[in-house]
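See the structures that follow.
Both complexes shown next keep chain A, but they swap its partner, so chain B is in the first and chain C is in the second.
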Partner chain A sequence: MEEIDFKVAPESKIKKRPSYIKPWLGLKYLFKKPVTIKIPYEKTQIAKNYRGFHSLDWKKCIGCNFCGQICPARAIEMTWIEVDGKVEKRPHPKIDYGRCTFCEFCVDVCPTGALGFVENFMLTTEWKDEELELFDWVPIHPDKLREINEKFPDYRFPVGKIEFNKETKEVTYYLRDGDVFKFKILGYGVRPPAAAKPKPAAPKAEEAKKVKKPEEKKGQKSEENSS
Partner chain B sequence: MVSQSELIKEARENGMELLPLDKDTYELFFGPQHMATENFSIILKMDGHRVVKAIANPGFLHRGFEKLAELRPWYTNIALLLRICVPEPDVPEMIYSMAVDELMGWEVPERAQWIRTTVLEMARVSAYLFWIMGLSFKLGVYTAGQWAAAYRERFMALFEELTGARVYHIYTIPGGVRRDIPGDKWLRQLKDTVEYIKSKLPDFDNLVFENYITHRRMEGIGVMDKKFALAEGVTGPNLRATGVPYDVRRMDPYLLYPELDFEVPVLKEGDALARALIRRYELEQDLYILEQLLEMGPPSGPYKVQDPRLKNLPRFKVPAGDAFAHVESTKGDFGAYVVSTGGNKPYRVQIRGPSIAHGIRVLEQLLVGARIADVPVILMSLDNCPPDIDR
Partner chain C sequence: MLMTAVRAFLILLYAVFVGFMFMGIIRIVTARIHRRVGPPIYQPILDTIKLLSKKSNITHGLIYDFGIIYALGATILALMFIPIGGVSILRAYGDLILITFLLEIPMLGIMFAAMSSGNPWAGLGAQRALLTLLAIQVPLGFAIVALAEFYGTFSTYEIVMAQQTMGWSITHMPLLLVAIAYDLVLQAMFGKEPFDIMIAPGEISLGPMVEFGGKHMGILQIQHAIALFAETLFFANIFLGGAVVTAFTSPILNTIASLAILLVKQIAVLMIAIFVGAIFPRFTIDQAARFYWKWPTILAAAGAILAAL
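And then the complex of A and B:
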C-alpha cells in the first residue's frame, strides 16, 4: 500500500465508551414541544420554486415538441386541439402525470417559455376510471392557475374533474373555482391529423421572447419520440 | 407409512428426483416485506438460532436503468439515473455529470464546483442521518431513529429551497447545476442547520453510540478482515473499519475536496461496532466540512458552463469516447462508466454501486455463524442499499 499523506483520525477520537447511565439522558426531551406539524390544521410552507404541476400559455406554445423530446419519462404527447370551433395552428403538449417525474426539464428546454410550473403538488384520486382522467391534461394558462391558487391555497391540482367524451373527443375541465373549460382533441402526434388542415404558413416565431432558433421551424418530425 | 427411501425409489422410477429433507436445519426467508431488509431478501439456513448458510436474493428492484439510459438523450438521463441511490440521490447525478464533463472537456465554473461540493456533503449528512434511523430501528432504539428522521427533515427543507424537490433533486447536470443558490438567506439557514445538528450529535451518542446495550449488541459480530474486504472489493466505511485508509475524496480528489481539511476515520476491528463508529465520526467530519465550505463562501460567477452546444438540448451531442468518474458516497465508492459514440444518446452507462460488493458475497459470508438477532444488525451495519445492487 502506498504511503498515506492525508489525515487519519486517531482511534481514541472514534471509539466510544459504553455507558449504563447515558441512555437515560434521552429522557430530557420528554417535556419539550414536539416538532410535528398537525397537517389538517397547520400548513406546511412549500418552497417558492417547488417543482409541481405544469402551466402552459397556449398562445406562446409553438408546438416544437422540444419538451416531448427531452422528457425522460415520455410523459408528453403532442395534441391537436380545437377550441370553440377553431383549430389551434400548432400542437400543444399533453402531460401524463402517471409517468411524469416532475423533473421540469421540459420547462427548461421550452424555447418560448410557454411551459412553466407552479408549486401545486397534491393530486389524489380514487381508482375509478373517470377520476383517473385527471392525470392526463393539457396544462392551462399560468394566470388562471395562479388565480385558483389564491382562492384555494392548499397546493391541490387546479382542476376538480376532467371529462373526456370518447365519441366527440370533447374534453371538459371543471376548474376548482367553478369555471368550465371545453376543447376538442383532434389527434395526437407531431403531424397534423386529417381533421386539422395542415397549415404550412410560417410559424409565429415572433412571439418567442427568447433567442430565436433556426431548428424550431420544422425538422423535428424525424426525431419525434412519442406515438 | 412409506419409508423415505421407498419414496425416493418410486420417484426415480417415474423420472423424478426426490431429495432427502435436511432435518437438522430449517430454512428462513428474510423477505422484502421484512422491516430489516428493505426490498431485499436473504434465504437463511438455520441451525437452532445460528445461521449455517445465507444466500442473498436481490433483484426485487431491478428496473433496468442501464438499458433505459441508452434510449434517452444525455441530459434526460439525470432524471433517471439518480433513482439508483435512494438515500443520497445526488451521488449518481454527480458521477454521471462528472463523466460527461470529462467527455466534453468542460471546466466546471468555480461557483458550480462549490455548489456541487456543498450538495454532496449535505447529501452525505442526510444519508448518515437516514442510516442512524435505520440502525436504531433495527436495534430497537426507536427514539434515536425518530430524532434522526426529524433532523434529516431540516436538510430536506434546505434541498427543497435549493433544488425544488425534497428527495430526488434533479439538480446536478453536466456542466454545472440547474439553479443558483437562492440567496444569503439560504446560506444562513444552512449554517444554522449545521450548527443545530452538531449540537444534537451528543444525543445520538448517548442513546446509540455510547449505549452499553448497543455495544453488547454489535461488538464482535460480522467481523471482516482486511484481506477479505480488499479481495471482495468492499469500499467506503466498511473497508475503513477493517483498517484500510481509503477514501476517494483523498485518494482521487474531485471538486473542492483538496482544499478542505478533514480526517478520515480508520479502525482495525472490522466488526459491526467499528463500522457504526466510523459512520458516526464521518457524520461529524461532514458537518465540519460544511462549516468550512460556508466559511469559504460561494465564489461569484456562472453556475453552469456557457456552451453554445447547450442551446439545443434534445440533440445535445457528446464527443465519442469513454469516461469513468467516482465519488465517495456514504456506502462506498460509487462509480459511473459512460461510453459515447458521438450521438445524442449514451452508448452505455454503467453504474457501479458500492452495495454490489458488500451486499451479496460479503454479506453471505459474514452471516455464517451469526445469531438470528444479529442478522438485521449486520445488514444495517454494512449499510446495504438494495437499489444500487439491482439497478
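And then the complex of A and C:
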C-alpha cells in the first residue's frame, strides 16, 4: 500500500487568542461611506440573462407541449387562443407565476426557440382577486417586452393589469406603455376544444355554400355530441 | 408651586425629546459601524407614535398595567432629583444613593409586569434581569462609597459644585477607576450589548418585553428614552463635572449654555456605550455575574480605598 500524506493544519495556527482590544478594530468603518443601495432612489444592476419573466413568440410556437412536460412545477398549461376572431392553429403555453420556480427549463427545452425570458423580476400585487390575475398569463412577444423595458427600466412585470371576462372568456392585457392587447381563451389542454375545431377558413366557406341548410348542420352536431 | 410644576413639565418634555434623539443616535451610529445607512434620527418617535396608536391592547390584569406605569413613574422621579445644570427641581435632596436606587426601580417595574403575563420567556428574562441587577450592585456600591469618601458629601449637586473648583472627577486617580467601573455598569443599565442578557433579542425573544404590545410597549419606549437621558445625565454630573455656567449675565443664556455643555457630555457617554455595544457580543448570565464581581468590583474597590487614604 502506498502511504498517503494527509495535510492537516496544526491547531496552534488556527486558534486565535481572545482579546479585549482587538474588537475595537470593528469601529474602523464608522466614518466610511455605507455600502448600501438606496433602493427607491438608486437602481440595482441586474445580471445579463437574469432569469425572470417569460416571453413567447406566438408565431414560432408549435404547441408541442415540451415545455409543459418538463416544467417541474407544472406551471404551464396549454391554452387555445383566438386573436381578432382568428383561432391560433396551435395551443400556446400559459404560465402560472404562482407556481413557476423560474428555472427556465421550459426555455431550454423549447425546440423552436419560441419561449424566452427577460430580466424583469418584479411583480407585486395586493390581495384582491382582480389583481391576482396578473400571475397567470400567456407571455407576449419578446420585441414588445424589450420595447417596454426600454421605456420603464425598473424590472417590473410588463403588464399593468390583466382583465379576464368569465362569460366571454376574453382576456385583456393593459400593457405598461398604454397599449391594450386582447384575445380570447377558447379552451385548455393539448386537445383542441370544440370551439376551436372548425377551421376558421373552412367553415366560413362551407357556410357561404350551404346557407340554406343550417338546420341540417345543427342536427349533425347534436348527433356528434351524443355519440 | 405652579412655577415648579411648569418647570417639572418642561424638564420632562426636554428629557423625552432628547432621550428619543439619543435612541435615534444609537441606531444611526450602530448602522454606520455596520456600514449601513440606518433610519432617520426621529425614527424612535415614529415607532412610539405607531405603538401608541395600536387598536388592540392585550392586558393580563392589574399588575401588568401597573408595572409599566410604575417603571415610567420611577424614571421620571429619578430625573427630577438629578441636577440638570441649574434648573433641577429636587436637587437639594438628590443624593447619590437615592438616584442610583431610583434608576434601578424601573427594571423592577418591568419585571412585575412581565412576570404577571405568565409567559415563560418573560419569566426567563425577568430572572436574568434580576441576576444582572444583583451583579451590578457590588461595583455600584463601591462607586458610591468612593464618591462620598472623596467629596465628603452624598449630594449630587454639591458634587457638581465641588467639581467646578477641583476639576472633573475623572481627573482624580481614584475616581477615574470608579468612573471606568461605573461605565461598565451603565452598559447593563442601558441594556446594551455585552450585558443585554435580560432583553437578549434572538436568544430569548426579547425576554421581559416579549408579551408587551401596543400602548404598553409605547410607554416602555418613552420610559427607555427618559432612562437613557437620566442615566447619561447622572454620569455626566458625577464624573464629567456637570455644568453650571455663570459666564453670561442673563439667566436664560446661562441655562441654554449649561444644557448644551451637558448634552455634549451626555452624548460622549452614550457614544462609548454604543461602541462597546456594537463590537462586543452578549455574555451569558453566569459570565456577566462573574465579570461584574471581578473587574468592575476590583476597580471600584481600589478607587474607594484610594479615595479613603
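Please note the rule applied: the second predicted complex is superposed on the first by the 193 of 227 C-alpha atoms of A that agree within 3 Å, B and C clash if a C-alpha of one lies under 4 Å from a C-alpha of the other, contacts with A are read in each partner's own complex, and residues count from 1 in each chain.
Heads up, the rule we're going with is that a contact is a pair of C-beta atoms (placed from the backbone, for glycine too) under 8 Å apart; a residue touches a chain by one contact, two chains touch by 3 or more.
Keep in mind it's a predicted model, so treat the numbers as computed, not measured.
Undergrad: In the superposed arrangement, which partner chain does A:P23 touch: chain B (first), chain C (second), both, or neither?
TA: Once the two structures are laid over each other on A, A:P23 reaches both partners.
Undergrad: Touch test for A:E131: chain B only (first), chain C only (second), both, or neither?
TA: So A:E131 meets neither chain B nor chain C here.
Undergrad: Chain B or chain C: which reaches more residues on chain A?
TA: It is B that touches the greater number of chain A residues.
Undergrad: Tell me which partner A:N49 touches in the superposition: chain B (first), chain C (second), both or neither.
TA: first
Undergrad: So in the superposed three-chain picture, is A:E163 touching just chain B, just chain C, both, or none of them (first/second/both/neither)?
TA: A:E163 sits against neither chain B nor chain C.
Undergrad: Now for A:D154: first (chain B), second (chain C), both, or neither, which partner does it touch?
TA: neither
Undergrad: Look at A:K32 in the shared chain and tell me whether it touches chain B only, chain C only, both, or neither; answer first, second, both or neither.
TA: A:K32 sits against chain C, while chain B stays out of touch.
Undergrad: Do any residues of chain A touch both chain B and chain C, and if so, which are they?
TA: 23, 26, 35
Undergrad: In the complex, go through chain A and note every residue touching chain B.
TA: Going by the criterion above, the answer is residues 1, 4, 6-9, 11, 13-20, 22-23, 25-26, 35, 46-51, 66, 69-73, 101-105, 108-109, 211, 213, 215, 223.
Undergrad: Across the complex, what residues on chain C touch chain A?
TA: It is residues 29, 31-38, 275, 278-280 of chain C that touch chain A.
Undergrad: For chain A, which residues count as touching chain C in their complex?
TA: Interface residues on the chain A side: 23-24, 26-27, 29-32, 34-36, 38.
Undergrad: Quick check: in the complex, which residue numbers of chain B touch chain A?
TA: Chain B residues touching chain A: 72-73, 75-80, 143-144, 150, 153, 157, 160-161, 164-165, 168, 170, 178-179, 203, 205-207, 209-216, 244-245, 247, 250, 261-268, 277-278, 280-281, 285, 311-315.
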